[in-house]
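Accompanying notes for the structure given below.
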Amino acid sequence: MSRIDFDIAHLLAGSLVLISFLELYQDRLYALLNVFAAHALVLAASVAWQAFIQDAPHLYVTAAIALTFKAIVIPVALHRIIVRLGIHREIEKVVGVGAAMLAGMGLVALSMVVMLRVTHGADPLAREDLAFALSVVLLGLLMMVTRRNAVGQVIGFMSLENGLVLAATGARGMPLVVEISVAFSVLIAFIVIGIFLFRIRERFDTVDVQVIDRFRGERR
Amino acid sequence: MVVIRDLIIQGAQMLLVLLLAPLFTGFVRKVKARLLRRQGPPLIQPYLDLIRLTRKEVVLAESASWLFRVIPYLVFAATWVAAALVPTFRTGLLFSWSADLIAIIALLGSARFFLALAGLDVGTSFGGIGSSREVMIASLAEPAMIMIVFTLALIAGSTQLSNVAEFMASPQVGLRVSLALALIGLVMVAIAENGRVPVDNPATHLELTMVHEAMVLEYSGRHLALIELSNSLKLLLYVSLLACLFAPWGIEAAGASVPTLALGAAAYVGKLAVGGFLLALFETSIAKMRVFRAPEFLGVALMLGLLATLLRFVSGSF
Amino acid sequence: MTFDAVTGVLVIPAVAAALLAVLPGYRITARLNVAATTLTLICALSLFFVRPAPGVYLLVDDLNGTFIVLTTFVGFTTSVFSLSYIGHELETGRLTPPFVRFYHAMYQVLMFAMNLALVANNIGLMWVAIELATLTTVLMVGIYRTHEALEAAWKYFILGSVGIALALFGTILIYMAARPVIGEGLAAMEWTVLVTRAGAFDPALLNVAFVFLLLGYGTKVGLAPLHAWLPDAHAEGPTPISAVLSGLLLNVALYALLRFKMLLAVNAAALAPGPLMVTLGLLSLVFAAFMLYRRRDIKRLFAYSSIEHMGIIAFAFGMGGPIANFAGLLHMTMHSLTKSAIFFAVGHVAQVKGTQRIADMGGLTETHPVLGWALILGVVAIAGLPPLGIFMSEFLIVTSTFARAPLLAIILVFGILVGVAALFLRLNSIAFGEPRGSSAKAQASYVPLFAHLALVLAAGIYMPPALVAWFQNVAGLLG
Amino acid sequence: MTLTIALGCAAALLALAAVGVIIGRSPAATRVVYGASLIIAAVSFIAGLVQLVGAAAPFDLTLPLGVPWLGAHFRLDALSAFFLIVVDLGAMSASLFALGYGEHETAPQRVLPFYAAFLAGMTLVVLADDAYTFLFSWEFMSLTSWALVMSHPRVPENVRAGYVYLVMASFGTLTLLFAFGLLAGPDGLYTFTQMRAAHPSAALGALALILALVGAGSKAGIVPLHVWLPLAHPAAPSHVSALMSGVMTKVAVYGFVRIAFELAGPPAWWWSIVVLAVAGATTVMGVLYALMQHDLKRLLAYHTVENIGIIFIGLGLSLAFNAYGMTFAAALALTAALLHVFNHSLFKSLLFFGAGAVLTTTGERDMEHLGGLIHRMPQTAFVVLVGCAAISALPPLNGFVSEWLTFQAILLSPQLPSWGLKLLVPAVGALLALSAALAAACFVKAYGVTFLGRPRTPAAERATETDRFSLAAMFFLAALCLVVGILPGFFIDALAPVSTALLGARMPPQIGAQWLSIVPIAASRSSYDGLLVFLFITLSGTLAAYAIHRLASDRLRRAPAWDCGYPDLSPATQYTATSFAQPIRRVFGTFVFRAREQVDMPPPGDMRPARLTVQITDPIWDYLYAPLVVGIGVAADRLNRLQFLTIRQFLSLVFSALVILLLVLAIWS
C-alpha cells in the first residue's frame, strides 16, 4: 500500500485516541455528547478509509452504521433523555480531570508497550491500529469507571466499542465485521432503551447508577 | 511331691500373714501408747475386737444395696491375695508368678475401688467425703507406687517380686541413688495408703478431716470386722514389702530346708518388730496435716519415683 | 446443507422459539417447550453414533460433544422442572400469561444460543452466540420486574456487555495473529484450522488475546473478581433460569476458554495459560467460600457456591495433565447436574415457604421430608462428600496437585474446607432445628431432581468405560 | 473367600439401608433392620475370625468400581481381619441391644437406614486396599454417623454437635487426602500395593505419618483434635454412641496403623517422639476432662479420648522399637495396643449400653439427677459395674491386661539408644499410671453417683429394669470382658499374625505357659495369670463368707443410716458428681481448667440460700478453636462488603484486573 494511505489511516486512528482524551476531559453532559458524536464521526471516516484502501465494500456498511447510528441517533436520543429525565448537567466524577488524564496517559503507554512487542511480521498498519484501538478501549473503560452517572457510562461504553470497531476494521479481511458492529449497535440500543424503561416504569427517579444500587442484593 | 510341699508353704504363708496382721496392728498401737506414756491396750486387743465384731449382728442402712454387703468380702479377698503374694520368709512361692508387683498394686487398687463405692452406697454425706478424698489420695499414690516399681524393676530387670527380692539380697546391688529415692517414696506412699499420720489418722472419728474411717462409717458387725482385718493385712503387706525389698536379709530362697525356713520366719518377725516400732515412733513424733496438704505430700513421692526412674533410664549406674 | 443432528440441535430450538412466541395458552406452550427440549436431547444423543464432518461454521468433536449432551440434557430436565414451577408462578400470579409466553420463547432462544456457541467452528460465530445467550438471560432475570430483579438484570447487563466487548477484542486479536499465517478470510477464524496452525502464530499477540478472552469469557464463567453479576442474577431470576445459568451458561463460557487455552498450549513461545487460570481459580474459590458465611438468601448462597466450584474447575484445567483435566471435566459435569438439582429443590422450597430468606425456613426435613433430604443430598454432593461424584473429582484434583504443588493444594483444600463449613452452617438452619415457615404440601416434580442426583450418585460409584474413554480422550486434547 | 463373604455382608448392609429407607416408618422396621444387621454382622464376624485365627494368606479382590482406570481394590489380611472382628463384634452387640432399645426410638426412620449404612461404611474402610476406596468408605462412615448424630434435630445441642463433627471429619479426610496424595506421587499410584512397593523417602514418609496422625487422629479423638467427640458421641442414640465410641474410633486407629506401619516406609526414631507426646497429652487430658463432667454419656466420650491415648502410647512405643530394629519389643508394644483396642471396644460399648438403658427408663443423662438405680435395675447395675471395673484396669478384668502389657513395653524402653526417648518414655509412663488412677476415681464417681446412694429425682425413683435384649447384649459383653481378663493368652496369640505381618516378629506363644499365665518376655522377668488371681479372689472371698456365716453370726437388721447420728437427711445432701470431683478438681483442675469456685453467702438474717458455683474453662477450645472461629468470621465480614458495591465499583474491579494482567504481559517477556 502507498505511504499516504498509511498516514491517513494512522492519522484517523490517532485522532480517535485524542478524542477519547477529550471525552475524558469533559465535565458537562451536552459537551460530552458532542465530543462523542465527533468520536463516532472520526470512527466512521476511519472505517470508510479502511474500506477504501482494503477495497472491502462491506465495510462501508459499518461506516454507515457508525455514522448514522452513533454519530446522530444515539446522541440525539441521549439528549432527549437528559431533557426528559431532567438530569442535572454536571457529570459527577470519581477522580479529578487531572488524575484521569494521567491515568489515561499511563494506559496509552501500556497499550503501546504491549502491542509493540508484536513481531513486525504483522503489517505495521495493523500493529499501529491495534495499539490505538487498545488505547481507545482502555480509555473507554477508564471513563466508565470514573463517571458516576449512567449517561456518562453509556458514552464510555460506546467509545470503548468504537475502539473495537476500529480494531476489527483494521484487521484486514476480517469476516463478520458488519454483523458484529450490528450486534453491538443492538446492544447499545438495549442499554439506551433500558435507561428509558427505568424511567418510564417509574422504577427509579434518576439513572444515577448509585441510586439503582440502592436495591442491591441482601437488602430484604 | 515338690508341688505339694510348695502348696503347703504357700498356704502357711497365707495363714501367717492373716494371723500376724492384727497382732502387728496391736503392736504398733501398744508401742505408740508407750511412747505417749500410756498403758495402751493389750497386744491381742485387735483379735478381741475382731471376734466381738463378728459375733455382733449387722445393722444395715435401709438404703444399702446388695453391693454394700458383698464389698467387704471382695475387699478382704483382694487384700489377702495381694498380701499372700508378697514374700515374707521365703521367695519363689508357688503362685508368686501369677501376679507381679504391678498386679499386686492393681489388686490393692481394686480393693480401694470397691471400698470407695461402698462409701457412696448408703448415700450419706460422710461416706461421700470419705470416698472422694480416698480416690483423690489414691490418684496420686498409685502413680507414685508405679514409678517406684519401675525403678525397682529396672534395677532388678524384673517386676516379679520374688526375683526382685532375690536380686536385692544378692551382693551385686550396691548403694544406689535411685534406690534411696525409691525407698523414701515407698515409705511415703505406704503411710498414705494405710491412712496413717500425717495423711490420715486411724484413731479418729467424727472429724471432717478423716478419710478412711468416714468411708466405712456405715459398716458394722462382721462387715466391719472384715474391713478392719483387711486394713491390718494391708499395713502388714506394705511393711513386708519394704522388708523384702530393702532389707532382704534372711529371706530363704526356694528349696530351703524346714529349719532354715524357721530361721527366715524369725528374721521376718524381727523385721516386722523394727518396722512397727519405727512407724509408731514416726507417728508419735509428727502432727497430722490438713487434707489438702496430702496431695503435696504425695506429689513429692511421685516426683521422687519419677526422678528415680529417669535416673535409671538415663544410666544403669545410678 | 443436509439436515443432520448438528443442525437439529440448532433448528429445533429456533423453530420452537418462533412457535412459542406466537402460541397462546400456558398448557400447550409448556408442553411444547418440553417436547422441543426432548427432541434436541435426542438429536444431541445421536451425535454419539453419527458425527457429521466439521463444516466451515459448525463442528462437533469430542470436546464439545461432552458439552452439547450435557447442555441438552440439563435443558431438558429443567424444562420439565419449569413445567410445575412456572405453573405455580402463574397460580400465585407472580407471572402473567404474556410473560410466561415470553419466558418460554426466551428459554428456547437461550437453548439455541448455547448450542450454537458450542457447535460453532468459528470464533466470531461463537462470540455472537454467547452474546445472544447473555442478552436472553438478562431479559429472563428481569422478568419479575421487581426493584431487585431489574437491578440485578441491569448489573448483569452492564458487566456482561463489558465482558462481551473484551472477549470481542480478544477474538479480533486472535484473527490478527492467525492472518499472517493462514491468510485472510474465514479460514483464519475456524477452530479446526487455528488449532493445526497455532504453533506459527505470533506469541505476543496470542498472549494479549488470551488476557482479553480470559477476562471477557471469565466474566461469564463468574470467576472472581469478575463475578459480581452472578449472585444477584441467580437470586432474582426465576429458579429454572438460575439452574440453567449455573448448570450450563457458565460451562459454555468455560468451554470457550478451554478452546483458546488449547490454542495457546499448541504455541510453545506463548505464555502458559495455566498459571493465570490457577490464580483466578484459587481466588474465586477462597473468595466465594468466605462469602458463603454471611448469605441470608438461599439462592444467592448457592450462586456463590457455583463461583466456588467454577474456581475449582478452572484450577483443575489450569493445572493440566491427564488426571487433573479428567478431574476438571468430571467436576464440571457433576457440578452442572448437582447444582441444577439443588436449584430445583431450592425452587420448590422457596415456593412452599413463600420466601427465599434462610431465616424464615427451618426444620425442612420434618415439614417436607422429601424436599429436605433431597436438598441435604444435593449439599452433601456439592460439598464433595461420598458416595457422590464430586468426591471423586476432588479426590483426583487434590491428590494429583499435592504431589506436584503442595502449596497450591493447601490453599485449595483450605478453600474447600471453609466452603463446606459455611454450606453446612446454612444447611443446618434450613433442614434441621425447629420447623419454621409454612408446612403446606408441595406440588413438586421430583423426577428431574432425583434423576440428576441419581446420575451424580452413580458417577461416584461406577463410571461406564465408554464415558471414561471419552473423558480421557478429551483430557488428552486439553493437554 | 472370607473377603468375598465380608464384602457380601457390606453389600447386604447397604441393601438393608435401602430397605430401612422404604419401611422406615412401619412398626416392624426396627426389628427387621436390627435383626438383619445382627445376623449379617455375625456372618462377617465369622469370616474375620476364620481369616485371623486360621492365619490364612491375605485375599485380594478388585471390583470395577470407583476411579475407573483404578478399580476398587479390597484386601483382607491379618490387620484388617482383626479390625473387622472388632467392628463386627461391636455391630453384633449394638444390634442386639438395639432390638430392645430401638423400640423407644421416636423417629426410627431417621436412624434405621443410616445405622445399616454406617456399619457397611466401617466394614468397607477396613477392607479397602486403595486410597480412593479407603477415603470413600472413610468419609461415607463419617457422613452416615453424622446423619445419626442429627437424628433428633430439634435439640440445638445436637445440631451444633453434628456441625462441629462434620467440619472436623472433613478436615480429617482432607488431611488424609494429602497423606495419600504424598504417598501416591504425581502419577497417581493409588493402590496400597503400589504404595508398599514405593518405599518413600524418609522426609516424605515422615510428612505422611504426621498427616496420618492428624487425619486419623482427628477421627480417633487425639488432643487437641478431640473437640467434636464429646459433643457428637452423646448426641447420637446410645447404641450408635457405643458404635462411634467403641468401634469407629478403632477404625481410625486402623487407618493410622495401616499408614504408619505399612505405607509410610521404614520409621525414623523421632516419629515415635511425636506420637508419644501427643498420646501422653491425650491420655491425661481425656481423663481430666472426664472427671469434670456430670453428663453420663459425655463422661464416657471423654474416657474414649483417654483410652485412645493409651492405644497410641502403645503404637508410639512400637514405632520407636521398630525404628531401632528391636522387633520383639515392637511386637509386644503393638500387641498391647491392639489388645487394648479390642478391650476398649468391649467395655466402652457395654458402658454406653448401660447409659442408654438408664436414659430410656429415666430420661436423664445428668448424673446429678440420678442415684439409687442399683435397687431398681439390679442386673444393669451389675453389668455396668463389671464395665466400670474393666475400664478402670482392675484385675482380673481385661482392661488391666492390656495396660499391664503396655507397662511391660515401657519397662523395655531403657534399651532404646535415643536420649529423647530415654527422657520422654518414663514421663509417658508416669502419665499413663496417673491416668489409670484418675480413671478409677472417675468411675467410682460415675457408678457411685448414678447407681448407688439414694434417688435424687422422681425420675430416678420410677426407674425400672431394662428389656431382655439390652440385658442380653450387656451380659454378653461383660462375659467377654471377664474371659479376656482371665484367659488373655489366647487373644495375645490370636494377634500374632498381625504383628508378624507388620513387624516380622511376634510375642512368644502364650498357650504353652503354665497355668495359662501370660509371659510377655521371660518368666524370670514378668508374668501375670488372670485365671489364678480370679480363682484366688473368689476362693478366699467365699471362704471368708462361709467361715463367718458358719462360725460367727449371720444375723442382720435394717435400720436408718447411722451417718454419725445425724437425722436422716434428704437425698439432696448426698455427694453429687461435682462435689465428689471437688478434691481432684482442686488438685488438677485449678491449673488445667482454671477451675474457680465462687461462694455466694447471704448476710446473717437473709433467708435466701447460699450458692456455690464452679466455673471451668476449656483451654483447648478457648485458645485453639475460638480464635479460628473469630478469624473466619472477621474475614467473612470484611469480604462481605464486596457484595454491596455499586456497578461502577464492580466495573473498576474488572478494569483493574485487566490493567494488572496487561502489566504482567508488559513485564513478562
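In this document, chain identifiers A, B, C and D correspond to the written order of the chains, with residue numbering beginning at 1 in each.
By definition in this document, a residue touches a chain if its C-beta (ideal position, glycine included) is under 8 Å from a C-beta of that chain, and two chains touch if they have at least 3 such contacts.
Remember, predicted model here, so these are calculated numbers, not experimental data.
Trainee: Between A-D and B-D, name the chain pair that shares the greater number of C-beta pairs in contact.
Mentor: Of A-D and B-D, it is B-D that has more C-beta pairs in contact.
Trainee: Let me spell it out: compute each chain's centre from its C-alpha atoms, then which one is farthest from chain C's centre?
Mentor: B
Trainee: On a C-alpha centroid basis, what's the spacing between chain B and chain C, in Å?
Mentor: Roughly 78 Å separates the two chain centres.
Trainee: List the centre-to-centre spacing of chain A and chain D in whole Å, with centres computed as mean CA coordinates.
Mentor: 69
Trainee: Express in whole angstrom the distance between the two chain centres, defined as the mean CA positions of chain B and chain D.
Mentor: Those two chain centres are 35 Å apart.
Trainee: Provide the C-alpha centroid distance between chain A and chain B, rounded to the nearest whole angstrom.
Mentor: Their C-alpha centroids are separated by 100 Å.
Trainee: Scan chain D for residues touching two or more other chains and write them down.
Mentor: 643, 645, 647, 651, 654, 658, 662, 665
Trainee: Among the residues of chain C, which are close enough to touch at least two other chains?
Mentor: Correct list: 154-155, 158, 162, 208, 231.
Trainee: Give the residues of chain B that touch two or more other chains, as numbers and ranges in rising order.
Mentor: Counting only residues that touch two or more other chains, chain B contributes none.
Trainee: Every pair of chains that touch: which are they?
Mentor: A-C, A-D, B-D, C-D
Trainee: What residues on chain D touch chain C, complex-wise?
Mentor: Spelled out, the residues of chain D in touch with chain C are 64-69, 110, 131-132, 135-137, 139-140, 143, 150, 153-154, 156, 159, 162-163, 166-167, 170-171, 174, 177-178, 180-182, 184-186, 188, 190, 632-633, 635-637, 639-640, 642-643, 645, 647, 650-651, 653-654, 657-658, 661-662, 665, 668.
Trainee: In the complex of these two chains, what residues of chain A are touching chain C?
Mentor: 114-115, 117-119, 121-122, 126, 130, 133-134, 137, 141, 144, 153, 157, 160-161, 163-164, 167-168, 171-176, 179-180, 183-184, 187, 190-191, 194, 198, 201, 203, 212-213, 215-218, 220
Trainee: Touching chain D in the complex: which residues of chain A?
Mentor: Touch list, chain A to chain D: 94, 107, 110-111, 113-114, 117, 138, 141-142, 144-145, 147-148, 153, 209-210, 212-213, 216-218.
Trainee: What part of chain C is in contact with chain D in the complex they form?
Mentor: 154-155, 158-159, 162-163, 166, 207-208, 211-212, 214-215, 219, 225-226, 228-229, 231, 271, 276, 287, 290-291, 293-294, 323, 363, 365-366, 380, 383, 385-387, 391-392, 395-396, 398-404, 409-410, 413, 416-418, 420-422, 424-425, 428, 431-434, 460-463, 465, 468, 472
Trainee: Which residues of chain C touch chain A once you look at their complex with the stated criterion?
Mentor: 122, 124-125, 127-128, 131, 135, 145, 147-148, 150-152, 154-155, 157-158, 161-162, 164-165, 168-169, 172-173, 175-177, 179-180, 184-186, 188-189, 202, 204-205, 208, 231-232, 235-236, 295-297, 300, 357
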